[in-house]
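Below you will find the structure I want to go over with you.
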Amino acid sequence: ADTIKVGVLHSLSGTMAISETTLKDTVLMMIEQQNKKGGVLGKKLEAVVVDPASNWPLFAEKAEQLLVKDKVAVVFGCWTSVSRKSVLPVFEKNNGLLFYPVQYEGEESSKNVFYTGAAPNQQAIPAVDYLMKDIGVKRWVLAGTDYVYPRTTNKILEAYLKAKGVKQEDILINYTPFGHSDWQSIVADIKKFGSAGKKTAVVSTINGDANVPFYKELGNQKISAEDIPVVAFSVGEEELSGIDTKPLVGHLAAWNYFESISTPVNKSFIKEWHAYTKNPKRVTNDPMEAHVIGFNMWVKAVEKAKTIDVAKVTDAMIGIEVPNMTGGTAKMLANHHLTKPVFIGEIRADGQFDVVWKTEGLVPGDAWSDYLPGSKDIEADWVTLKCGNYNTKTKKCSGQNYE
Amino acid sequence: MLTIKSLNQFYGGSHILWDVDMTVPTGSCTCLMGRNGMGKTTLLKCIMGLLPTVSGELLYDDTDLRKISADRRARLGVGYVPQGREIFSQLTVEENLRIGLSASRGKLKEIPEQIFTMFPVLKKMLRRRGGDLSGGQQQQLAIGRAMVLEPKLLILDEPTEGIQPNIVHEIGDIILRLNKEANLTVLLVEQKLPFARRVASEFRIIDKGRIVAADRIAGLTDDLVRHHLTV
Amino acid sequence: MNASTALRQGWQKVFGTGARSERPIAPDTTHGTILYLEDITVSFDGFKALNALTLYVDAGELRCIIGPNGAGKTTMMDVITGKTRPDAGSAWFGQTIDLLTLTEPQIAEAGIGRKFQKPTVFEQHTVLENLELAAAGNKSIWATLFSPLTAVQRDRIDHVLETVRLQDRRDTRAGVLSHGQKQWLEIGMLLMQDAQMLLVDEPVAGMTPQEVERTAELLLSLEGQHSVVVVEHDMNFVRSIARKVTVLHEGHVLAEGTMDQVQNDAKVVEVYLGE
Amino acid sequence: MTRPDRQTSVRSRFVLAFMTMLALLPSIASAADANETFAQALKPLATASFQEKQQVIAAIAATRHPNARPVLSALLEGNLHTRDADQRIFIVTEGEEGLALTDPLMLQAAGSAPADEFTKITTNNQLRKALRGLIAGFDLSDPDAEVRLAAVSEMLRTLDEDGVLILRQRVAEESDSKVRSAIETGLALADLDNEDAAVRLAAAVRLEDSLSPDVYNRLKELTGRGDDGAFNEPDDQVRAAAAATVRNIDNWRSIYGGVETLFFGLSLGSVLVLAAIGLAITFGVMGVINMAHGELIMLGAYTTYVMQLLMPSHIGASVVVAIPMAFLVAGTVGILIERGVVRFLYGRPLETLLATFGVSLILQQIVRDIFTANNRPVETPAWMAGSWQINEALSITYNRLYVILFTAVVFTVLLIVLKKTTLGLKVRAVAQNRAMAKSMGVRTEWVDALTFGLGSGIAGVAGVALSQLTNVGPNLGQQYIIDSFMVVVFGGVANLWGTLIGGMSLGVINKVLEPFAGAVLAKILVLIALILFIQRRPRGLFPQKGRAAEG
Amino acid sequence: MKPSTPLMESLLGERGTRIFLSVLVATAVLVPVLHLTFDAGSPLHLSSYTMTLIGKYMTYALLAVAVDLVWGYCGILSLGHAAFFALGGYAMGMYLMRQIGTRGVYADPILPDFMVFLNWKELPWFWQGFDMFWFAALMVILVPGLLALLFGWLAFRSRVTGVYLSIITQALTYALMLAFFRNDMGFGGNNGLTDFKDILGFGINQPGTRVGLFVASAIALGLGYLACRYITLSRAGRVVQAIRDAESRTRFIGYRVESYKLWVFTFSAVLAGIAGALYVPQVGIINPSEFQPINSIEVVIWVAVGGRGTLYGAVAGAVIVNYAKSYFTAAVPEFWLYALGALFVLVTLFLPRGVVGLADRFTPGSREPVPEAAKA
């Protein structure tokens, strides 16, 4: 073929379209720009866009279609963990290559996937450190949507907090279903929990659509960021652009990227994005940065390997460095995760974030959490161990789904 | 009042009415007769506009009914009492009667008292759901309901079916009275010969979708009856 | 009790279908009376449609019931067939069967068939299928699923088709039949059921005089083997078949006797017959 | 010390300075000196870290300079900027051409300049909280009692020894009884630390009627034992008084908790009713299984958004204007659906399901193409924001309150239309027997279109309300369609009252269960209850009765 | 195929059925052959993608046939059949999960991965036995069957009909969805069950296994279809249709309506469960979104598109709608909802008897158009 095909596997309809449509556009923009630069290995890139429609089995079907029928060289896609889990066997079976751009719960490292979003240690732990040390939070509400990412993150946080001496009665854990829209009782509970005289914060792993009514209710029940700050891991600029942010000023989010971080790279990226979408108000966000990083890394790896052959490209990927958009460098680690800076931002009235804290340097992504009993002995290393889940105790590699 | 020329009607593939020619003279009480399944109800529904007609003419005075929807026919003064009563079963008796008010020719505001004089049982049961009435009560309601329209032409499909004898008799009186005094033209489908003979001034016989006999009621001979109305 | 009987009994309990072939219960008419209705009262929102109605029907009798519209005739049939539960009173089929404790299909199974006032047939089924559905026999799932109609049943269908003169309509969908044809079909279904007791609500409504005559003949022919209760407003028809006539009025029996007696009863004339 | 609070240090420094200044008042230095001090205090703001800013603002407040308050509020509101060129600080307001500058020393206009030459002096939560406390210190002597009351409440949020001092000063002068009472509560709280048991007792008694969580926490602590096993409060009497008050608050709290749960339930219920009530017409009365109902709600919500875009400076009014607009938009689309699709399907209700499902997919995608897949921000007008604080244990959010009232209004209007107008009668007649209604002269086509339009319009109106509670996005409709059908059916098809009672009771039951079972399990339990309830009443809460309904 | 016995004759005595069965047999033979005998380069090669896709459609078709049986023939509009499908799928998924054994990422011999990282210490009781295929297979039938039996028994006994029944079936699947979403339930929460390794000892991604699953789906569809066809042809089938059209009338001629309904409902639920069980190993995941109420509604829509009340119509509808979905989401990913939406609207307006109605229209001697019974 005279083009190299790039698969884009993001929901354009259904519940996840809200988040994923932007990522599709991001990849298309990257492809367009790369083609302007002459493509890759002298060939133009050609995007193959499909719509898995927020339907998890359909993700698997579409992934297989991209790999088997369209024979794409690489796929950028997925948002929810379940969609990733659904396509994982397909990528392993057909030896495909997936770039997954969203912060997630960790506990995974596949030969065929590169995780360009944050692992829990690149988001949750630093955020809690900040609240504990800088804000003096003593009481914790861990509120999340009931699925793996919040469950795991909260498990990790709970273990972490307890290790730091927080008592059980000072932790309130609450799970709600996807799209939960009636937050009255829960917010009232949080209010009560927070009125016990100790500084209280909410760590929110509430996902997607449920956030809007949640924040609205916070505002209406007059829970201000000054009294009970909420730090969110799934609320970025994109989500805020759908919320009236005035009542939310001061609430927090932890990410590896904020649109408001003013670096030359970021400024020019935002400009290109506005030009590409023909919408000067279109915001950027963390998963977009992840895709940009992932895309640039892939291009670099292909050029290094001089082929699009998946095995060679995956080998070449490790150690690749590309600049991130906040002034640092993203490096692909042997566990298929990245090094990332962590920022805490406070929501501004205009829906952007003011960075109020950041980590000293870059945090390397950890696929297997050190705070979970089941996974603290597991390691991922695709260079020396050639394994995504190597048990350092039993010295065995498990869970491999290929060959 | 009503002139029908070469009317044809089909249900799906089957031809039900064959070139029906029929007139209903103004001021008459015309009785349409025929065995079961010969197309009487079908013909009435065509006149009312509830079934499409494939070809033919349908004149009401000088208006071509075929171009007009059923509800306009009703507002032009065609009242219909269907076979099987077709009461609005979840509406109360009163509501069943009120439906016709805004379409009545006199733009009535209230249900005319005359209806309750005809059918006193309706007055007693104003608040009851139409569907709860007994069969005969429903039949009375159906007639009363059509009367609210103050029709010029009243179409009745077996109106005495299921009604107790003394009220059947009364209905006969009422039809006669309306026909004579209020100058109401009546088109009646009726199986009961004595009743037909008593109230009708004209008769038409339909057989296998065709009109096979038409005359003054006096001309309804036993021979005709035997020929067309027995099995 | 071993596992398989337990399983079968479980199945029967849930799906309510044993491999019963004979009637589970049959009316015991040793006293000559097949239907006992005593002090039946049915009220709707305070209105008494039946008011302490007491009525007995003899085995093999042909009984006519007349009465003004709204007298409670149809309601009475509803009570007998299990459609309406009375507020008070008792209803027995023969000596032993308490109708008030049975469901509609159990009552039908016990031997009471009914023709409705408004003809109700299975509109999507053909005439033949309608009759087939009504055919007497084992109506359990097992039977209908695995055993086809018997030759006897098929002969019976042909016979009934002829009786109701719908032979050339046998493969027509019942829904397209005219009103009168549906009446006949329903009578046919009643015949197929081969019930001990037939409740016939206004069978001749919408029929031509000749058909009325034929219906009368038909009903008379059933007399003896079957008990028949007929409700009609067509006095000519009633006269032609009447043995004993019961007049209902406002939910209870106003008069009972031969046609002549009833016809000359002043009260009956006043509320029902007119002049 | 009362509380180990971050603000303590800031406050104490400020109060110390303040007290000193009060003492020195007669001999206060010249105005020029004062300005100089103020300018000096202000200067470090330009470069300070968040930590340092805490001290800087305390110092600013301590100057008691007349401009201190305006400067601090400017900082709080994000209107204090530094000029990048010379690090000078200005109070700015956004003007037509860049920023309008005000000199903080003189409070005089200092021209305007392009925005990109300035950097905002940022604040964070802790700073803002401290700022509010400091500003409140200035407001204690405001002539307006409301302002004073707010200032006291603000101070109570961060009360410490120094705050107590200020309040003690103020209480003597305070003329307004409400303000004084608020101050006294604060002081009584402080008195609980007094060494004199009698004072503590008096304070505990003084707090008897309070419902404040601060009081509760403090008293609760008094009744307990410390780590060493000794009572936190050595005096029996004080402890008894405290315990009594704690019990009292507990009692009231559980009562108000019940009221709150009921309110939550009614408000959830009214959302369900609003979403369902249009369906009660199109489905309940007309028998159309309108799968696009949710999308009609969605259109109403988007209409609200568009109205806000059209009248950005009248957000309060935009929501009101959106109501008739949403009715028109959704109603018109409803009529189009009826004329274009549904009317060919009367008598085939199940096929309306198929066709309207198709319509709903199309509507979703249209919205996605026009407004993108993202949620759209709909602002809450000021009059709907916040909550009505009935007392310290009970507050009711305004937006929910309005939604409940709104539901009541919509319901009443609809009830009147259906029960009292001939349209209502005709609708029901047509729904039951179309051919016969025609024969009675009813213009069925009109009635169909109007009724469907009415039901759709109401759905749109529901969308306006929902836009105030939840996401305005292409999936909005999908969230409510299932619940809507459930409510209508639970209530008993074709009965408006059923929809009302059904929706409300589902809401209340859900909210009563939620505290015990959690949100998910509560919902599951409600669904199971619904299934079991239908066993008891196979035709819903208000079934259609009579012979006809039995079939 | 030549009908040999009278039974065969009547089973196959319908053109649609004959066409459907021929196509099915041809597919069941040709697809594996094309897949296995030609290698990837050959133009005749049929990719595993295509085969899996067709296999998936066949399980959907079986689900559609099950729904058509209850809805098209018995008039029970079940908006909960996706639940039975999903339960069958979960039963199979649990078996597949347990087959992973120590090959999970945490290498726990007993606990599935999701339990390990959520800190579960032992296998919950309801996971016992699923390591055995026969047990799982039994559960595939029993779980949906017993649930349908219990639910149907409650509902039919109280004579819940029409929309009321539809809505409570919907409530059932909705409640199950919420329950399965809960991680505490022990079914893997939102992620569900995935990462399967093998089935009956064969690697789940091996071409041979894939072919096996494909053929099994074809056989299940064929047998399920014939069973339903047999039922609808039998006298019981006519009773069931009578119940659909006039329930109370059926009672008065002596049929135990509740028992018939319960039986059909349960049977249909079992078919749905089997379909789900075959679906899961082919798509590689089962999670609570399969319980979404909208899924059940979609199944009803497949049936309506194909033509309610004809079993082959249900099959056609399932395949057409799902193929359209597969095709449109790739060909016009940004506009496919317009296409699918328009398809639904147009089919309703212009093909009142579904797609097969269109075919019948050109077939001489087919039954005259049936005006739909006006009731749900």
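Going in written order, the chains are labelled A, B, C, D and E, and every chain counts its residues from 1.
Everything that follows uses one rule, which is that a residue touches a chain if its C-beta (ideal position, glycine included) is under 8 Å from a C-beta of that chain, and two chains touch if they have at least 3 such contacts.
The structure displayed is predicted, hence computed values, not measured ones.
Here the chain-to-chain distance from subunit A to subunit B, counted in touching steps, is 2.
Set side by side, the interfaces A-D and B-D show unequal numbers of C-beta pairs in contact, with more at A-D.
Distances from each chain's CA mean to the overall CA mean are smallest for chain E.
Chain centres here are Cα means. That of subunit A falls 30 Å from that of subunit D.
Note on chain placement: the centre of subunit B and the centre of subunit D lie 64 Å apart, centres being C-alpha means.
Each chain gets one centre point, the mean of its Cα atoms, and the points for subunit A and subunit E are 35 Å apart. The mean-CA centres of subunit B and subunit C are about 31 angstrom from one another, to the nearest whole unit. Counting partner chains per residue, subunit B has residues 132 touching two or more of them. Taken residue by residue, subunit A touches two or more other chains at 12-13, 146, 175, 177, whereas all remaining positions touch fewer. Chain contacts: subunit D has residues 364-365, 478, 520, 523, 546, 550 touching two or more partner chains.
Residues of subunit B touching subunit C in their complex: 11, 35-38, 41, 83-84, 121, 128, 132-137, 139-140, 158, 161-170, 191-193, 229-231.
Those residues of subunit A that touch subunit E in the complex are listed here as 12-13, 49-53, 55-58, 60-62, 64-65, 68-69, 80-82, 85-86, 88-90, 93, 107-108, 146-148, 151-152, 155, 175, 177-178, 372-375, 378, 388-389, 391, 394, 396, 398-401.
Only residues 48-50, 69-72, 74-75, 80, 82, 86, 88-91, 95, 98-104, 129-132, 145-146, 149 of subunit B touch subunit D when the two sit together in their complex.
For subunit D in complex with subunit A, the residues that touch the partner chain are 3, 6, 50, 78, 122, 124-126, 128-129, 132, 157, 213-214, 217-218, 221, 260-261, 264, 267-268, 271, 364-365, 368, 372-380, 385-387, 395, 397-400, 468-475, 478-479, 510-511, 514-515, 518-520, 523. Contact residues of subunit A toward subunit D in the complex are 12-15, 17-18, 21-22, 135-136, 146, 174-177, 179-182, 184-186, 188-189, 192, 195-197, 209, 212-213, 216-217, 219-222, 225-227, 229, 238-239, 241-247, 250, 346, 348-349, 351, 354, 356.
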